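Several structures are given next for inspection.
In what follows, subunit A forms one complex with subunit B and a second complex with subunit C.
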Partner chain A sequence: MNKDKIFKLAKGFRGRAKNCIRIARERVEKALQYSYRDRRNKKRDMRSLWIERINAGARLHGVNYGNFMHGLMKENIQLNRKVLSELSMHEPYSFKALVDISSNAFPGNKRPKKDSSSIVA
Partner chain B sequence: MAATIPASASLSVGRSTSNPASSSSCPCPATALPRTFFLGFARFPAAVAKPSLGVASLPSRRCLRAHSQQQEQQQRLAVVPREQRWMFEESEINGPDIWNKTWYPKAADHISTEKTWYVVDATDKILGRLASTIAIHIRGKNLATYTPSVDMGAYVIVVNAEKVAVSGKKRTQKLYRRHSGRPGGMKVETFDQLQQRIPERIIEHAVRGMLPKGRLGRTLFTHLKVYKGPDHPHQAQMAIPLPIHDKRIQSSM
Partner chain C sequence: MASRRCLGALTRHLRARLFSASPLENPQTLSLRSLGFTIPQRTSSDLDICHRAFRRSISIRFGGVRRCSSRPTNPSDEEEDEDDESEEEEEENEERGVSSDGENGDVRASKCVVQRGKSEEEKVVEAAEIGYKVIGPLDSSENPFKLYEPFFAVVQIGSHQFKVSNGDSIFTERLKYCEVNDKLILNRVLMLGSRSQTVVGRPIVPDAAVHAIVEEHTLDATVIIFKKKRRKNYRRTKGHRQELTKLRITDIQGIDKSENVAAVA
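Here is the complex of A and B:
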């Protein structure tokens, strides 16, 4: 690749990596390798983010992620994790309905009674 | 993706019901509306950019070829079909697509002054279990809007820090070490000695070990406020009691 293309790709790099061709060429090659790898990693990262959000949302209703998904699989609900995470954030009543379906299908852990709440100072 | 929700769960919550029978948007009024399975409508420019959109692609491509030049310049907006317009607000109809993209918090979603403040009394609570609950709330992992790269958590005040409990013989045997950087500069203290000297440091040390290490972790750590006695200077924040679901956190001794 000629120098102009390298410098175009090197915009925003730190220090000499955006100005000097020898350093920029190395950094741009590395950047392209990273972007190749991260296009595949992004799919993994997004899925783990969805799972974390579903976990948090379900725990608000007393069910953890594992039992929740098990209940959904038993009921053959094929909503994917992206949709479930968006529901847990923006459509709380729909998500509560899903949690109820899941806990009916697979009881799992019951919510402990709130007798050990903290004391106000 | 097909969504097979049983009839009992299909609440009428507008746009979130994945109804396979709802029509998608194809801006050519002449052709029949193709069906998509996800959230009721397909994105207008997306059908051009990604031809492999499954069912919606073939009829969309035919009718969109005529408008292909206009689409390149068009912004990526969501298109709401005419019969569903009543369900959406003005900003949603003309705004960007929020139904097919994962939500990411904007600056307005995590303003420091609007965060929740929690208060916790550490009297006779097991150190590690308390620190774990505190760290979860500071990081924001109890919220459905959790994002690892953004500070979405709450502030936590701990009072009566000198009364925190540990089980077993840890009171005399647990060691806190620090090193000054010079050779032979290791300083070792037991739990008891540190509690006499600086009791707040015990809880701070425990919570810091449970928060992420890095720039964001250091900012999160500043959201923890630990105090020795039963009072704290944050009366104006009107802190609410921290909800604890761990049954074994209260020491029986």
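Here is the complex of A and C:
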């Protein structure tokens, strides 16, 4: 029973770890431990990925991430980073509207380059 | 017990009379006429007052009966699928039955009802509002599914936000108080967008609604929770399946649709 379950979880492992029970048991246990830890890490990783994407999208419009988020918080816009990153990828005009709102609320940066770096409408 | 089943039928009739017409306007007068008790003036809401009137009536009528038997065989006072709520109401009745005094019942009433009154219909709607949804009627052989329209909305359910469009399906945490094929209205809309317009709410857009239909109540795939301390002979395995609800988005309201279609065409 248990052996079959171990081998089922050991699919795709390298070398003897997918075939021999003694080695497979160790590797499977380690894999389950990693998955426990990484279920918590995934939340952190995803958030930092969203922040990277928002940063990139906002810098196209001449605003950096910190000032952008500060402007949004000032305007009491409660969109979270997941949705903001999706907007920056798939809805460029809406994201530009948000950047404009934020820079009106909190003009932190100077905006030297507006024509060459923004998306052509 | 048979007494509890009769009690349930009686309270069902009384409750139907109380909450059938304009529950939020004149509950006090309705309860006064129907039950014939003088209710002491308190500063809490009308709902609590008529709730307490119910409970006091129950305790005074069946004051001496000790109800310590079989909680699981509690007949369903309420809607069919809320077992937890009927059990909690069970505990309320039991405490009221044990303390057969009017005064003690009153004091306990003020403590218990405010915390666990989840069984009334208004409370159900309030709990639904916390999860930002309003339950509409069930689907009745009409087809609410439309073709894809190029509009999106950002809607918040509980603590999760989703960017949805017409025809999408989303998985959320298990939404209580709604069954399969229920129409929902998600009224916490944070943003609306289309080809030529963006509506940003601070924080929500008023008068915007996203219609959805509950597609299914499912369980997530199993995750294995495995804990091990090496060299200490400690190893634990546990499986977990999270309860989810799958919603299908059917309509987005609150953004001008006619202009965009004309502009595109």
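FYI, the second predicted complex is superposed on the first by the 111 of 121 C-alpha atoms of A that agree within 3 Å, B and C clash if a C-alpha of one lies under 4 Å from a C-alpha of the other, contacts with A are read in each partner's own complex, and residues count from 1 in each chain.
Keep in mind that, in the parts below, contacts are C-beta pairs under 8 Å (C-beta built on N, C-alpha and C of every residue); 3 or more make two chains touch, one makes a residue touch a chain.
This structure is a prediction, so every number in the text was calculated from the model and none was measured.
J.: Should the superposition on subunit A be reported as showing a clash between subunit B and subunit C, or a fit?
T.: clash
J.: Kindly classify A:I77 by the partners it touches after superposition: subunit B alone (first), subunit C alone (second), both, or neither?
T.: Touch partners of A:I77: subunit B and subunit C.
J.: For A:E91, using the defined touch cut-off, is the partner it touches subunit B, subunit C, both, or neither? Pick first, second, both or neither.
T.: both
J.: If you stack the two complexes on chain A, which partner ends up touching A:R53: first (subunit B), second (subunit C), both, or neither?
T.: After superposition on chain A, A:R53 lies in contact with subunit B alone.
J.: Examine A:I101 and indicate which partner it touches, taking first as subunit B and second as subunit C; both and neither are also allowed.
T.: A:I101 contacts both subunit B and subunit C.
J.: Report the partner of subunit A that touches more of its residues: subunit B or subunit C.
T.: Of subunit B and subunit C, B contacts more residues of subunit A.
J.: Quick check for you: in the superposed arrangement, does A:E29 touch first (subunit B), second (subunit C), both or neither?
T.: second
J.: Per the contact definition in the header, classify A:R39: touching subunit B only (first), subunit C only (second), both, or neither.
T.: second
J.: After superposing on chain A, which stretch of subunit B overlaps subunit C: 6-14, 150-158, 186-194 or 222-230?
T.: So the stretch of subunit B that bumps into subunit C is 6-14.
J.: Do subunit B and subunit C touch any of the same residues on subunit A, and if so, which?
T.: 75-80, 82-83, 86-87, 91, 93-94, 97-98, 101
J.: Over in the complex, which subunit A residues touch subunit C? Could you list them?
T.: Contacts found on subunit A: 29, 32-33, 35-36, 39, 75-80, 82-83, 86-87, 91, 93-94, 97-98, 101.
J.: Okay, in this complex, where on subunit A does subunit B touch?
T.: 46, 49-50, 52-53, 56-57, 59-60, 75-80, 82-83, 85-91, 93-94, 97-98, 100-101, 112, 114, 116-121
J.: Report the residues of subunit C in contact with subunit A in the complex, numbered from low to high.
T.: My answer: residues 152, 154, 156, 161-163, 190-191, 193, 198, 200-203, 223-228, 235, 237.
J.: What part of subunit B is in contact with subunit A in the complex they form?
T.: Those residues of subunit B that touch subunit A are 1-6, 8-9, 11, 13, 16-18, 99, 102-103, 119-121, 123, 141-148, 157, 159-160, 230-232, 241-247, 249-250.
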